[in-house]
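By letter and in written order, the chains are A, B, C and D; residue numbering begins at 1 in each of them.
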Amino acid sequence: MIRFDSDYIEGAHPEILKALADTNFEQHVGYGCDDYCERARDIIREHCGDSTLGVQFLVGGTQANVTVIDALLYSYQGVISADSGHINVHETGAPEATGHKVIALPTTDGRLSLEQIAECYHNHWNDHSHEHTVQPGMVYLSCPAENGLIYTKAELTAISEFCHKHGLYLFVDGARLGYGLCAEGCDVTLSDLARLCDVFYIGGTKVGALFGEAVVFKSAEMHRSFRYAIKQHGGMLAKGRLLGLQFEQLLKGGDECLYFKLARHANAMAAKIRKAFESKGIPMWIDSPTNMQFPLLTKEQQEILGKKYIPEFWGKYDNERDVVRFCTSWATTPENVDGLCEYISIML
Amino acid sequence: MIRFDSDYIEGAHPEILKALADTNFEQHVGYGCDDYCERARDIIREHCGDSTLGVQFLVGGTQANVTVIDALLYSYQGVISADSGHINVHETGAPEATGHKVIALPTTDGRLSLEQIAECYHNHWNDHSHEHTVQPGMVYLSCPAENGLIYTKAELTAISEFCHKHGLYLFVDGARLGYGLCAEGCDVTLSDLARLCDVFYIGGTKVGALFGEAVVFKSAEMHRSFRYAIKQHGGMLAKGRLLGLQFEQLLKGGDECLYFKLARHANAMAAKIRKAFESKGIPMWIDSPTNMQFPLLTKEQQEILGKKYIPEFWGKYDNERDVVRFCTSWATTPENVDGLCEYISIML
Amino acid sequence: MIRFDSDYIEGAHPEILKALADTNFEQHVGYGCDDYCERARDIIREHCGDSTLGVQFLVGGTQANVTVIDALLYSYQGVISADSGHINVHETGAPEATGHKVIALPTTDGRLSLEQIAECYHNHWNDHSHEHTVQPGMVYLSCPAENGLIYTKAELTAISEFCHKHGLYLFVDGARLGYGLCAEGCDVTLSDLARLCDVFYIGGTKVGALFGEAVVFKSAEMHRSFRYAIKQHGGMLAKGRLLGLQFEQLLKGGDECLYFKLARHANAMAAKIRKAFESKGIPMWIDSPTNMQFPLLTKEQQEILGKKYIPEFWGKYDNERDVVRFCTSWATTPENVDGLCEYISIML
Amino acid sequence: MIRFDSDYIEGAHPEILKALADTNFEQHVGYGCDDYCERARDIIREHCGDSTLGVQFLVGGTQANVTVIDALLYSYQGVISADSGHINVHETGAPEATGHKVIALPTTDGRLSLEQIAECYHNHWNDHSHEHTVQPGMVYLSCPAENGLIYTKAELTAISEFCHKHGLYLFVDGARLGYGLCAEGCDVTLSDLARLCDVFYIGGTKVGALFGEAVVFKSAEMHRSFRYAIKQHGGMLAKGRLLGLQFEQLLKGGDECLYFKLARHANAMAAKIRKAFESKGIPMWIDSPTNMQFPLLTKEQQEILGKKYIPEFWGKYDNERDVVRFCTSWATTPENVDGLCEYISIML
């Protein structure tokens, strides 16, 4: 059986494993204060074109989300999110566990619009009894969204301007950031994100690393406090060097860095799979330009595919079809994709 | 400079790195539901002589501590700890951040006694206004303690009996468990811990792994709920296989497993260092049988050592001397220890 | 200006004030352990026909809600509520502030149905990755609901059976309980609630008291722990006697107690107001049998009414009309209601 | 039996009850936005000589403490307190329940000194791994302290200067503030507190009110946010007018207000009791100038007193004597005190 159900089913890119082995007996101070982390920070600052950014490394996405939210918000503030946002649906109430309500807004395509954010914000403050409801303190966007869609630079800019005009933090969850930045049609860069967001992170776990998310802060003050929050939330890795080392391997080399190469590869693999489905007249649920594709499949089609392949059931679409996710990654081999495409072409 | 300041300054035992590389492209389901984790669970159950135990793998010690405490206690309950306990002094208030007060008791040697625990418990319930104080719900012991001391089987048995008679959970923090179990004079085994505790964990980070703590539960019910708590606290590693794989490598092979070998090695190295100090008439702060030794050193002695070696300043002892920690680990080389001993012998 | 915007705009029933004055210099132990509270507990147990019930007195509704939720649930559990439920919309995220997500379900009429609850529960447990979502631990119903509607005994019984079959607590928010129990067509009694719920409360603040909610527990164990939770949440009134005294005054006298008399009075006043609107062809938003009525009014009609009366704007209904709440209470005078009805009749 | 065990065993000063009765049927908007609260705010501002202060009214002391702490601190910050401070010992871990560790410092007399605060603060920031410990964010002082002692203006000024130089909030718990301000030798005024503290409160519950604490804020920004925190913590009284009305009655009239008169009366009563004990050669545990006196009594003496009087057992002093608390209040009658003194004089 060959898995296409997620982008974290293999280990790490071999260069990372090699670097781990090569440096295994070096002695380093713990908790992210070592030279590897410092170098990775500098590399990220260079990508972002801002040498003043704060950078901290965490192990996983939920950890990053909840630590950022809790570190930045006051106890009576909540975070605005698409109702399909990862923090709202798939983190076992982690933000709430730190005391912060997710103010979940319904969306048509999994992406928050400026209009919705503005409406939510103004509804709050225009309510004469606003103290009886949670104060919006932050906007959370996933880039790409949970369905693979991306935001344009114009959209992010407008949301950022609104946020900063009204005292809301803008936080971008970049668990799959690479796949988004390298998507066809994406006009957003790391340097745009650094400029428009208060905090965002560069996801490593799903883009070539064993694990790791690099959280980037615009405010030095915020960044300083964040290390307390990391420790308090159990997210301060003793051998922090492991995180710095991985991001150094992924991001060194500027635009030609491994991170972008791997993301482009995964996107290309996903585009092939999509084409294979479309050639058979099977429509996509949504027009995703990234590493996740969502064909609408009948139970019969799923059964046929299920003899050789493991995709992810995503939800019921209509009485006949379900939404099914096919996910590629840095580790997806062209052989497996070609095999899948042939199988689709012949068997469906 | 050669570091002796902690037991997490290098990477992982080479056999672990090799296993990582060998299996890197295998595809596995995430979140600790893979075959590696299952095998590691079985190996741990065998060590403990109890096939019904629940086992979950977390990345680090603070994460393990806070997740266990929060998962098991009701909101109005607190955890009894030595005031020198890691949860009380070095986790940025992580238990409190989940709502649970650490009921910190002063100790003479960093270890809780049955008498103290009983006094604390009875003082609470004998107070007619006990509802105005936090209800003790759990006893937390570090084994070995933060100063390297261990508990005897008789001590643990007595504490366990008291806890279970009075409805308190007994939780053992085993971040350095290997060094304790393999200490000279230790009469406690994994199977004793599994029998006496409600929850304990086998620390990997400090004993040969890149990272990882294996949390062992006696109650199946508790264990089931624990996975929610792990996710909620941001501790559910996407590529959970990495944890299972490491514990499989460390613990396979019964009494001759890598974990015990590495711990014995570190303890032997620490004993050598101790002897070197004692040969020079330098007393130890405390009689630790494990991988941490605490000579009392003058500022002058520290300066001399500091030219070649990095130990950890532990605290002021008296007007002339400080407590200084020398820590060995699975990665400490005999060459470095011999060099240090010679340096002590000649230079101090 | 005469207010009809809420049911907590006046003080307390004069008999309560008289009792306060008469007993002002009595000396009593604090925190709800006095004779007044004990007598009030017994009176409530008699109303409920169960001498084993636990009863504690709190000052307000949000306090009662959040203390119950936090005291009963484990950290990874959430509470199922109508999305219009008070805990979800009007308590500044109080449940989330204690770590518990409100699992908000959309409703057509502000009341949860058995089907929804069952679907939510089974969706959770049928999801193979259920640990990534909040575990349902409790069902929260407001009786009457925020829009004045009530549940039938058959509905409550079915929900109760489902909850207890599946290990969910059933918690009824009775901030306006009196108005519900005394509504025309209501077949639910205090003794039904005590039998069907794990916890419910009898609201005093809105039904004749200065303040106060009597929280009733079926389980003695739960009840014992609850006093810790009260204190921890800052809800333990020093002069607890004030709460016992009020509930004694309200509830003594069995079916002819003041509490029911006041509720019946308010409901009758509300019915009059409703009739006045309907006589003018103005429809109600919802068919409420309790002390809150919601006519659909144009801006012009609101303006005319606003010259003499203060109702509560509830929300936009369509392009022409808004939902407006008229609220009566134990303190509403027939004179004011007659005046309002006449004004409606003449002016609208 | 006559009680001297606490200062909240009776109701409220009759003028408060009268005002409640006189205004019972007035209609007012809820939640502290009514005219009574506004007038009370103005009266407090006048006492403090600062028309810009923010004032909010809460029902009780634990509620006030925990709401202030949680509203002001970031999640990774804790509050410095004497280890005998009410928040540390008698609030069921309420601050911790909101996520904030109490950094408890041992004291000789229940009062924090500038030296201790400074040492605690500098120890934190001088520790190279300070992120592993809770960041001090606030200093909490009880005035008077739990043992009745007061701070001088010089002490408060020095602490205030240190706090504001180092970014710590200074918060004064004034649950018994009246008794402190009116103590012989006290050189602190309300206007000093308003100037020196970031937040403090004027306790009503123990000084003449049925209940109520008036929380005073120097920063308007802080004050605005505080209303969210009140609601979130379940502390927003629906009939907020009850709080405003009480503080208006207590504080109107400037230096000749009821609040001060009642406090002076209680202090005088306490001084009489003290003198009675001392006349018999019975020493005090501590030199309290306020309404609480702590004679050291043998078991035999306690038994004799216990035939007619109920004081509060405070703790064991030595093998022969206990510390026993005698508490007076606004409601203590000269007759009862004279009776007690005579009884002491004759029977002990």
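To be clear about the criterion, contacts are C-beta pairs under 8 Å (C-beta built on N, C-alpha and C of every residue); 3 or more make two chains touch, one makes a residue touch a chain.
Note that this is a predicted model, so its numbers are computed, not measured.
Novice: With a step meaning a move to a chain it touches, how many steps does the shortest path from chain A to chain C take?
Specialist: Tracing touching chains, the least step count from chain A to chain C comes to 1.
Novice: Could you find the chain whose CA centre sits the greatest distance from that of chain C?
Specialist: The most remote chain is B.
Novice: Go ahead and note the Å separation of the Cα centroids belonging to chain A and chain B.
Specialist: 33
Novice: Suppose each chain is reduced to the average of its Cα coordinates; what separation in Å results between chain B and chain C?
Specialist: Each chain's C-alpha centroid was found; their separation is 49 Å.
Novice: Can you give the whole-Å distance between the Cα centres of chain B and chain D?
Specialist: 42
Novice: Going by the contact rule already set, what residues in chain A reach two or more other chains?
Specialist: 75-76, 91-93, 97-99, 129, 131-132, 134-135, 228, 231-232, 236
Novice: Mind listing the chain B positions that touch chain A in their complex?
Specialist: Its residues touching chain A are 2-3, 5-6, 8-12, 14, 17, 20-21, 23-30, 59-67, 91-94, 97-98, 205-206, 210-211, 228, 231-239, 241-242, 331.
Novice: If you look only at chain B, which of its residues touch chain C in the complex?
Specialist: So the residues of chain B in touch with chain C come to 31, 70-71, 74-76, 98-99, 129, 131-132, 134-135, 225, 227-232, 236.
Novice: Taking the complex as given, what residues does chain D use to touch chain B?
Specialist: Touch list, chain D to chain B: 75-76, 78, 89-93, 96-102, 129, 131-135.
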